[in-house]
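What follows is a single structure, and I will ask about it in a moment.
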Amino acid sequence: MKSKKFLSLIIGLVVLVFMAACGDDADGSGGSGDDQEVTIGTLADITGATGDTGTPYSEGQDHFFEYLESTGGIDGLDITHLSEDYAYEISDAQRIYQQYRDRDGVSAILGWGTGDTEALRQQVASDQIPFMSASYSENLKDLDESPYNFFVAASYSDQGRMVLEWIKDNHEGGDPTVALLYNDTGFGRSPIDDIKDYAEEIGVEIVDEQIIDLAATDAQSQLLNMEEHDPDYGIIQQTWAATTTILRDADTLDIDTQFIGLNQAVGEGLIDQAGDLSEGFMGVLTHALPYEDVPGMDEYIEYLDSQDMTVDDINMQHVAGWVVAKVMVEGVKNAADSTDGEITGEDVLAGLEAIEDLDLGGLAAPVTFTDELHAGTEEIRLGIVEDGQWKAITDYDSYR
Amino acid sequence: MKSILGKNLGNYRTSYRADMALLNSRNKKIGMVILLLVIFLLPMFASNYFIGLMTLCIISSIGAIGLNILTGFTGQISIGVGAFLGVGGYASAILTTSMGYSFWIALPLAGIITAIIGGLFGIPSLRLKGLYLAIATLAAQFVILFIIRRWVSLTNGTSGMVLQRPTIGDFALSSNTSYYYLSAIAFLLSAFYAINLVRSRTGRAFFAVRDRDMAAQIMGINLFKYKVMAFAISSFFIGIAGSLLAHYTMIVSPEFYEINVSIQYLAMILIGGLGSVFGSILGAFFITLLPVVLNIIVGSLSGILTDLSHILSAFEEFVFGAVIILFLIFEPGGLAHMWSNTVNYFKKWPFSY
Amino acid sequence: MDFFLQILVTGIVVGSIYGLVALGFVLIYRSSDVLNLANGEFVLIGGYVCLTIMTASNLPFIVALLITLVISVLLGFSVERLVIRPLKNAPVISIIMATIGLASLLGGLVHMVWGHRTRTFPQVFPSEPIHFGGLIITPVYLWSFITVLVLLVTFTLFFKFSKMGIAMRAVADDAKAAMSMGISVKNVLAVTWAIAAVVAAIGGTLLGMINGVGPIMATIGLTVLPVVILGGLDSIGGAIIGGFLIGIIQNLAGGYLDPMVGGGLKEVVPFIIVLLILLLKPYGLFGKGGAERV
Amino acid sequence: MLKVNNVEAVYSKMILALRGMSLEVPKGKIIALLGSNGAGKSTTLQSISGLLSSDGGQITDGTVEFEGETLNGKSPDAIVKSGIFHCMEGRHVFPHLTVEENLTAGAYTRKDRRNIQKDIDKIYGYFPKLRDLKKRPAGLLSGGEQQMLAIGRGLMAKPKLLLLDEPSLGIAPLLVEEIFENIKQINEEEGTSILVVEQNANVALKIADYGYIMENGRVVMQGEVDRLLEDDEVQNHYLGIGTEEDQKEVVYKSKQERMVW
Amino acid sequence: MVKILQIEGISLQFGGVKALNDVSFHIEEGEIFSLIGPNGAGKTSMLNCISGLYHPSQGSIKYKDEEITKMKAYSRTNLGIARAFQNIALFEHMSVLDNLMLGRHTLMKSGPFSGGFYFGKAEKEEVDNREHVEQVIEFLDLQEIRHTPVERLAYGQQKRVEVGRALALSPELILLDEPMAGMNKVEKERMAQLILKMKDNGITVVLIEHDLGVVMRLSDHIAVLDFGKQIGFGTPNEVQENPEVIKAYIGENVS
């Protein structure tokens, strides 16, 4: 009997899928008035391996679109924003992507990490759907390989170059030596070769590299090995968890290397996790910190107020999500201006590529896309943790 | 032989050949024709999105059939499918992208290469059983992925490799529908092969190895040969699935082939039914479509539970686990068993009690 | 020499955590032949529960830990009752899959309850490292090392002298014969799962103090598999020694081999060991295995 | 004291192992249950002790009564608590437990923990060999020593009824005699009723008061030991070698059809 | 008479226990040969040595003058040695037909390629062997249950299938381990008939059986084992009169 009930449950579910799935192909009709319609889909990681940074990032996007709607939206444009959690699993990302493309007919996608971005890179190119993610991998700058990928911040490589530049300019006493600490994934390895090349170019010596797993329990053997070379600086391309491990074990082993994290290692979450250990840790700031007084925060705060939230409820990842949505909307706006008909992915591509020196009010460095460059900026700031807070110590600047 | 109800209540055959034919009753023949028609005419009335989903389902089915040959039929547990899928995908990527072979050569070669590597990893199966073999394949999963990450000159390391959709002459199979047809043909061939295999001498030997390996030896079955053969044949299918998937997504990277993929495939054959080709297919569809269904359910509940969509994946994970456990406890025969129960019920209708 | 000793010490202390988590595996495997692949989730839940109690109620650590252990006992009981017992006659693959399903279910549950963020424990042990000559150990590590030793002694005594301990060993040796002694195999299994969950929770709490509590913590479940294979799936001493060995080997590989191959070996080496062990000595260093009869 | 009434038992829901099995064990007696391989002797013991379920079997019909109480459906541990102890075929000592721990395990259901050590000494009295081996893991004992341990372990539970399944299996003849003498002694001194299943009918009947002979899941013959020993058929089938006349029974009829293999 | 199987000085050890100790006998072609002895005497171990599941620590086994002591079990099957197990070792999830077809395994050739595509040769082979198997089915009276999974059969039927599977191999030497255990008189009689018929067809039969009446009636030669040692060998009459056999096997004092 038990199994019979179970059976009917299963059959019910199957019927449900077919009813739901056979039906709607996106046809773009049914909207209100003469507004042009456009749909943007988000692939978010909320419950996956990178959920701790992925969640505020996707919330930032959600909030921006809600803000946009609350202010009356954009004239003549009806933007639908969809968001789904793919939990950093590629098979889920693939499925959701198909759904966005075939069922929802999205014209652009806001992606998230290296995993989904890499996995969908070829498909978005052949389907002509612009894809803007928080994977700041230099590979994506190659427009032959990834013609539809965008990102709004400086690439990991550019970040690394800038850090090297800063080290060279600010190091006191002798030639600086640098170690690289990263993990064995596409994300971790992404800037390494570029950093090494640039170091050679400007004459900074890379004395060591260490691989530390994202889920490492300890990093002592790596740090001991690193200590053999006694580097002045350690550039960290990791997530918060692994960065915390590194900082803790460095503290344990009394290692006095100055660690500098690229953007994924940086943020309020690191301070939460590493506590006192994060004091004096430096890092790349790609976006504004919520408590900074910059013009771009005004509309942000306006929205937060309306939601009974304050800047204390958000963090830099949230800002990054907000910014990426803002840039995307800018591109869509441009696309809408250039066409009267349906806004296709190609239109959005052109719209994005028309963005020039977009002022984000200090929330991030100004963004420019062209048909040769889909990395919005090369500029970053460097920050340091002082009294449990990130403080910027430079202005937006690029290594060039 | 017709009964008074005009129903065919039994099948009578006049030769062993007829008895042993694959489609040995009229109903089966009709069913087969309908099935083929549905498969080939589907793109005419289903949405593009649906075709895309079906493509994922049938590619998974090929892999699931492969795994079932190893685990369901031969009783050798493998938690390393993910990595073998990767071997197939990478083989195809290397053959087409780096070496410039055509997809049509790369596809079978990818299967063969995966079969060889799978066979190699099958060698320990002579000494290892059950749990220990499972752990060995799990270790293989980690080691293979490590090699893929590190053999940068061959695999381009962690950044992955790019592939193209196959072409026939000048026609690229870039649309959902065309790729669906390609996968469907591969799928039908795989299913046909697998169904025949398991009812032939080799298949019987697999079953024998699974049920009682001692007695199998006494039947003259060389355990080692058949275990390795099961690994190889199984890996061939998985390699083909890997290659098809790689050309579908047009990219391979180590992140595609993590342990959770292995687990999903195991779930497919378990929920579908161990030792059943048909079950593998049902299971593959079930597991692939499960998140879609949950999505719909959560969507329709979103009025009541607004925040659920935010934790959809966690919910999915939860349901995935729950479904596996429920099946194991209440229907260990899987969907295939449910299906045959249902069919039997209707066959005997209205005399089912 | 300092380098070597420091790596050795690190290996030992990390290994002690491995041993602790491995203990959970072994306890369950011994008495029911089940490899609990959801052990990592047990660890995770233990960590989260203890942390939540501490932060939400301001109870002292030791009280919070005790409450956590009680909750773990309940978790162990319910898992045994709801998942394992109904499957007692199922084939190996079903049981493997059931624990995988359990892992997924519990993982999803944790996500839904606690979300995604890595949380940190309020400070319990001083963070100032302790120096022994040239060697440095963090207090948490030292405590986990002590905990493992205490647990090892406790379990040895428990299995040697207590009625339940002897019953558990009897069930592990020959469940049917144990049944004929009037030992309720069901109860023994339930107790086993409860103890395993308790051990996992202790592991989760210690690990949480080291790395914070986050979903990624569940991966310890897989990381520790090589430990139990090396030590032997059914040997408690093997789990502990295997833990130390894997910890040491991993760190030695990290210290000496990683620089040669360009890093990353530290995480894979245990699995290479698994393959070797399975090929050379399938039942591990201390496992007993069984001869098959026709 | 124990009554088995018309029990039917099946394995895996299909194979009928007992077809209306009945027997009785009076208080303080030794009863022998004889029969060939596969006759259902062990199944009978298992359906009494409740261990049948652990082999995937179950009682489908009939009752097992012990001291007026029905045992059907009770779990093995409850049955042990009510005073029946089953020493399984093949000894089944716990190989990794020491001799003494094995004996302790036997006393699992007992409430009087204080007397256990005293009883262990008593067991050593019956089987002095075990005393010398008490610290040794039982897996390292010889077959005969293990059998002694298995019986001793059973006594530790202080059962009212001891079920012994093939205590002579795989044990040298001299030891068999010794073990059976011990069984007799235990029966006399402790008043424990014993139901013993044996292939080796000679030794079993030597100590038993009453015997049953099983075939195909039911009793085909029963009686006082003396009477059984005198019976021709028992002699032929269970005690000795068939007579000349038997050999002529087979009518060799098939010459006509050639087989094809 | 030709010696089909020669056993010389076989010893087998498990850990410290000697399961077989210097056992020697020979079996003549076309005869029915019985191995008897009390439970645990090593009879099944002896069969396991002959069929290759165990490898003796000492001694040699020759089949038709070919040394097979070290040969793998599956290769011995190729030579024509078939075996039926004491505790039914059928493939319980498979049908009777498939179990018997498995018996034909060594006599068939199709591999994973031809088998998977089935047409042509593989199909013909299946059909041909099916015909053979059908004859076994008919002989053992299994027609009604040929498509039934073995697990659903009654014990006696399973025993018959077990023997049938060995017969399907078209063996020259068949090893039967207690084929009549648990059978009633009628069933036993049928099995005895069958064994005689095997002999009639030139198959050499090695039999382990507890029912001494049956053994004495059927056997041409008998070997008696006790505690791994061979204590008697000869014709039924010789064995019956062997004092050592009487002493050890039957017990000293039959009252």
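Order of writing sets the labels: A, B, C, D and E. Residues in every chain begin at 1.
The working rule: a contact is a pair of C-beta atoms (placed from the backbone, for glycine too) under 8 Å apart; a residue touches a chain by one contact, two chains touch by 3 or more.
These numbers were taken from a predicted model, which means no experiment stands behind them.
Simply put, of D-E and A-B, more C-beta pairs touch at A-B. Greatest Cα centroid separation from chain D: this falls to A. With every chain reduced to the mean of its CA atoms, the largest distance from chain E is reached by A. If you average the CA atoms of chain C and of chain E, the two centres end up 49 Å from each other. Chain B and chain C have Cα centroids lying 34 Å from one another. A separation of 35 Å divides the Cα centre of chain A from that of chain C.
Chain A and chain E have Cα centroids lying 71 Å from one another.
The residues of chain B that reach two or more other chains are 149, 214, 311, 313-314, 316-317, listed in rising order. Along chain D, no residue makes contact with two or more other chains. Counting partners per residue, chain C has 108, 111, 262, 264, 294 as the residues that reach two or more other chains. Residues of chain E touching chain D in their complex: 17, 38-40, 132, 135-136, 139, 151-155, 158, 167-171, 178, 181-184, 189, 192-193, 196-198, 200-201, 210-213, 216-218, 227, 240, 248, 250-251, 253-255. Residue ranges of chain D in contact with chain C, taken from their complex: 49, 51, 54-56, 75-77, 79-81, 85-88, 92-97, 101, 104-106, 108-109, 113, 153, 157.
Those residues of chain A that touch chain B in the shared complex are 2-3, 6-7, 10, 13-14, 16-17, 20-25, 46-48, 84-87, 89-92, 94-95, 98-99, 101-103, 114-115, 118-123, 126, 139, 145, 184-186, 188-190. Residues of chain B touching chain A in their complex: 45-53, 56, 149, 157-160, 162-163, 165, 174, 176, 249-251, 253-256, 260-261, 264, 286, 288-289, 291-293, 295-297, 309-314, 316-317, 326, 330-331, 335, 338, 341-342. For chain C in complex with chain A, the touching residues are 3, 6-7, 10, 14, 17, 108, 111, 115-120, 127, 129, 136-138, 207, 210-212, 214-216, 219-220, 223, 250-255, 258-259, 262-264, 266-267.
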